[in-house]
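Two complexes, one shared chain (subunit A), two partners (subunit B, subunit C).
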Partner chain A sequence: MTGLSLRNLHVKFGRHEVLRGIDIDVAPGQTLVLFGPSGGGKTVLLRSVAGLEPAARGQVAIDGADVTSRGPEARGVGMAFQNFALYPHMSARDNIASPLQARGVGPADVTARVGAVADLLRIGHVLGHMPKELSNGQKQRTALARALVGQPKVLLLDDPLRNVDAKLRYEMRLELPRLLRSAAAATIYVSQDYREAMALGDQVAILLDGRIAQSGTPEEIYDSPASVNVAKLFGDPPINLLPCRPTDAGNALHVAVAGLQLSVRAERAAIGRACLLGLRPETMSIHADARPNAARAQILATTPLHERLVVLLRAATGEEIVASVLGALPPAGAPVWLSADATHALLFDAETGERITAPRAPREIAA
Partner chain B sequence: MAHIDGRGSRLPAILRGIALAAVLVFFLFPILWIFLMSFQSNDQILRIPPSLLFRPTMINYTSLISGKLQTAAGSLDLPFMHNLFNSVLLSSASVLVALVLGVPAAYAFARFHFRLGEDIAFTLLSFRFAPPLLVLLPLSLYFKDLHLSNTYVGLIWVYQLICLPLILWIVRGYFEDASPDVEYAYRVDGHSWWRAFTRIAIPLAGPGIAAAGLLAFIFAWNNFVFALILASADKQPVTVGALAFVTASGIQYGQIAAAIVLSILPTLALALYAQRWLVEGLSLGAVKG
Partner chain C sequence: MSLALAHLSKTYTGRHGTPVQAVQHLDLEVQDGEIVALLGSSGCGKTSTLRMIAGFERVTEGSITLAGRRVDTLPPDKRRVAMAFEGYALYPPLTVAENIGFGLSRSLGRDAAAQRVQNVADMLEIGPILGRHPAGLSGGQQQRASLARALARDADLHLLDEPMGQLEPQLRSVLRGRVKAALKSRGLTSVLVTHDQTEANAMADRIAVMEGGVLQQYGAAAELRDRPANLYVATFLGEPPMNAFSATVQAGGLRLADAPDTPLPLAGVPLPAAGDNVVLGVRPHRIRLGEGALSGTVISNQWLGDQAHVVLEMADKIVVTVAHQRVAVRIGERVPFGFAPADAHIFDAATGRALAHGTRTA
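The block that comes next holds the complex of A and B.
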């Protein structure tokens, strides 16, 4: 098995189990986005792979070699920390050169390789600067360059865009896939931003309560979240969840929520059970006139988000629903009608939180 | 005085200058007075009213440096220069030993949580607030048995009661303030833990180590009671040696003043030298939380 593989990884701090049995495989050249709420153990997992977590139990293998008992200096991973962790008393050049110097690369080679990676990240002009003289974006690129320069087999990126401003985050989201492809490493990318996960991940693993709650392509997870918790985490604006009790409607289930009448394909066992209906804001539409299968609603607030408008509505029956729509809205104060695309509706068991609707074939979605 | 823009701010600037001058005079006047006294003979010093204008004499310094003191009762041997040498030796050796032992210990206390760690750290701190005389009686008995009385090694050992807790607790704080991620990053780069400690942790805690070392040096330099009890004349530092100025024929104020001036100099020089590390920022803005 090439690339990175984790088997049965456990981390326990005192009586608190942070990770309880993680199995992950990342092939060379692939990026796995590790997604989850803060404090969920994502950083601990990365530290375990890097060999920085003494409490880690389980097996870590890199390119088929078991490195579990090796220290961080002998694992050959590259890592970018969330807080950059640059060496404040060394210039950007020396920061980037550090992994090469540790391996005893000759000075001429060091200069050439540092120059190459600096050009790739467009920080060649600030190599002589000390970290305190760099902007946040330059610090972040320096940290990335340091992780990449040694051409590691495994690349660990701990939410590298967390501490940079929105404009730079947007730029880097475009640039990173190309960089990561050129690195050809098995990459674990920690993120709390669902757009980053969509843009960068070949695979996404959702880390919840110390376990991988679901893993798959970003589209699979978005379209067919395994549970309510995954659905809530993965998606921005977050999914609408409405309590309901499906009734029998022949070859489908009939669900009535917020004045909407939807017919959902799901196991018949769900009939009469307490369920949650999940409606992605992107699958909702707003109309200026009454039409079949649409419910009366009132607009409470509107926020632009990228090319879309995020609209908070209150249905005539009282529920608050978020819709994310393209194009213009009816004039303020005018009555609106809300409809939902039933083919994208998700049905969850209210008790266990598990998805009842069948998984859907992947499709292109607008993030 | 710094220039401040705007005409309206002249008065506050003047007032601030006066306040600063007052504070400086308050703290520096005794030192200035001692400095002036060191160039006067005993007669000039004891004259009332004291005179600011006098014919300076080097007699105090020459007698200190030559080690011969001429008094009305005759010539007296003064081991002051030897005392000064003892002070320098004892203080620097103690601080060096305390740094070698204390900095790695401070690092361990800051980075690792081990059984009884806090208790050990607290015990070491308690050496600072235990009254020295309480420790000295049993110590002097032990020292006699161990043949450590009146040896430099014994004194340097006892001086660790002063230096080690200071260095340990100050440097520990600096290590704790520095993000361990910076050291982790260095290890992930492929460097051993020892190199991460010497190349990253120690330079980043540099200002703290300099401050703690300087403070420990001053405390060691000013110590009186350990050397008074555990050492005899030839191993005693200036603080104890100054007792010799109280002679049968009176107190030699001029020599005392000159001795004070001479004994301030090494500490002052060290403070000026260490200053550039003291003012350097700790993390230099590399880590953003």
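The block that comes next holds the complex of A and C.
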């Protein structure tokens, strides 16, 4: 197959197994975002694909060819890093040209290709500058241009926006999908920001403790996380997790938490088991009056987040709950009632952390 | 206790003996029990202001009054200010619990002091590390220990310098609520110094936006959002930032530089004289997709779990829009868009000063 395939990839540092059986497929022009907490093995995985870390077991294939035993320069891989890694004594132009010159590309061809990629990244006006004369945003664009100029089959980007300021990061987040699609490489992009992962990934793979805990579209991972650990990584404010024991309610399970009574669709095997109910803050509502299925609560603090209000509440039964709502709240000090959209509720096994509720079907899209 | 900065200035001597004005004639009042954020990017003067309030930096001009006392000539330990620093500054030989409780048992008695340490540690989720020493802690744990120490103290003013910068974003969003609730329930007067508008918006009753050593605007978050004093404040606050369009005033409306053939009537917005160059500002979530006289080509449509960011290209202009549900438009599709006059902000193109605001206030 075309693109990048990893099969049962293992990497060891001494006796410690850092990657423990990774399977990944990325098609040309597609981006897979590798996401997870630091120490999970993300950078090691990139280095292993690039040929900088030997595989203890398994296979790396590019366009169907097994490259596992090939050196870095023979793999056709482009890389960019969060610390830019530009040669300080070379102009932006020479930095970008370096992979081409290393391959013996002729000067006229080098000039044309550097010019084209610089236009794409809008750095044509700073090609003559030395790295120390470039802003962080320009440095990152230069590093990306260097990764792209050789038209690699595989592009590896290690958290490239980490060290640029928030505004630039946002602009690049908008610009990158188009750029990556036009580069037509199979891209692995490492990120520690779940919004960036959702924005840039055709697929997202969650790497926890050297294993892929879940992979899927951003929507699948947000709506149907495979486990509590995955659910906690996506969403800001984070998902509420409340201990419960589901009871039998005929064709559904009944869950009582924090004074809320919810009917949840899940395997009957979960009846009576210790579970965690996951309620995303944006699926909760706050009301000024009592209503069926709403629980009495007290507002502890309101912390606005962009257009939303993030509200920290204490349920009458004692649990701390975070809701993220649009629009106005009842006046300070007034009693409030809290409700949750049961169709978005997620049930996890308290012991294994695995999701019990069925995966959600893709949501209807409002026109 | 209330805090008043009057005409406060700080001038440093630069490398070649040239004066550098870090803070210029800052007037700021913080009421008793109020949480105020000093917000700005690096070099805006917020940290110099903080250091003058704490007493680490001599004031060049002006005064600082705290709880009715002039404090700007007092040494730091006489000002009754509790601080959480960006660099933590925990005592290395003491445990986390001893750091947090330092000096507390003298004023509260041993049992009450221990109880307070435990409460504040639980709130910040550092209960399990109370017995450890600072050297073995992660940056995020040290930062929470430093914040806990400041919050445990009784003081006239609590100064919090980037108190959550090292924490992972999701922990931050929960701790903000708890810290705010704690400050409010004890009625503590606080000044929060941050470059992170999300933190300022979440925590503060009022926000002072600084840039170039000068206070740009001081008010509640809603006021800064609905009536920004200038283009700097308008585009600094809000995420994604406000869309800014170059435009020329014409009878009853505007003509945008990137859509010169589409006159934009703006009923109800007081505009300057025809022919004047202005900047039109519209916040991303106020752009209406699918209706309006303008149009653009979709270049990205990103769903982030609780909001969609749809980006259009109109001539050379990138237009960012935000919706709270998914939007069914495809990349490459041409879509009309517009906005209500109530959501328009008009700025002077030359000075950036705000000239008019639409009437929306929610």
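Throughout what follows, the second predicted complex is superposed on the first by the 358 of 367 C-alpha atoms of A that agree within 3 Å, B and C clash if a C-alpha of one lies under 4 Å from a C-alpha of the other, contacts with A are read in each partner's own complex, and residues count from 1 in each chain.
Just so it is clear, contacts are C-beta pairs under 8 Å (C-beta built on N, C-alpha and C of every residue); 3 or more make two chains touch, one makes a residue touch a chain.
All values reported here derive from a predicted model rather than from experimental measurement.
Applying the stated contact rule after C-alpha superposition, one finds that A:41 touches neither subunit B nor subunit C. The larger set of touched subunit A residues comes from C, when the choice is between subunit B and subunit C. Once the two complexes are laid over each other on the shared chain, residue contacts for A:77 go to subunit B alone; subunit C is not touched. Within the superposed three-chain model, A:137 lies out of touch with both subunit B and subunit C [touch as defined at top].
Of the two partner chains placed by superposition, A:225 touches none, neither subunit B nor subunit C. By the touch criterion stated above, A:99 is placed in contact with subunit B alone, subunit C being left untouched.
In the superposition on chain A, A:3 makes contact with neither subunit B nor subunit C. After overlaying the two complexes on the shared chain, residue contacts for A:210 are found with neither subunit B nor subunit C. Legend: residue contacts after superposition of the two complexes on their common chain; A:246 is shown touching neither subunit B nor subunit C. Comparing which residues of subunit A touch subunit B with which touch subunit C, the overlap is empty.
Of all residues in subunit A, those touching subunit B in their complex are 47, 50-52, 71-79, 81, 83-89, 98-99, 102-103, 130-132, 136, 139, 146, 150, 163.
Taken in their complex, subunit A has these residues touching subunit C: 165-167, 170-171, 173-174, 177-178, 193-195, 198-199, 218-219, 222, 232, 234-238, 280, 282, 300-308, 310-312, 322, 324, 326-328, 363, 365-367.
Of all residues in subunit C, only 41, 169-170, 173-174, 176-178, 180-181, 184, 198, 201-203, 221, 238-241, 285, 290, 299-300, 302-306, 309, 311, 318, 320, 322, 324-328, 331, 362 touch subunit A in the complex they form.
Those residues of subunit B that touch subunit A in the shared complex are 179, 181-182, 184-193, 200, 203-204, 281, 283-289.
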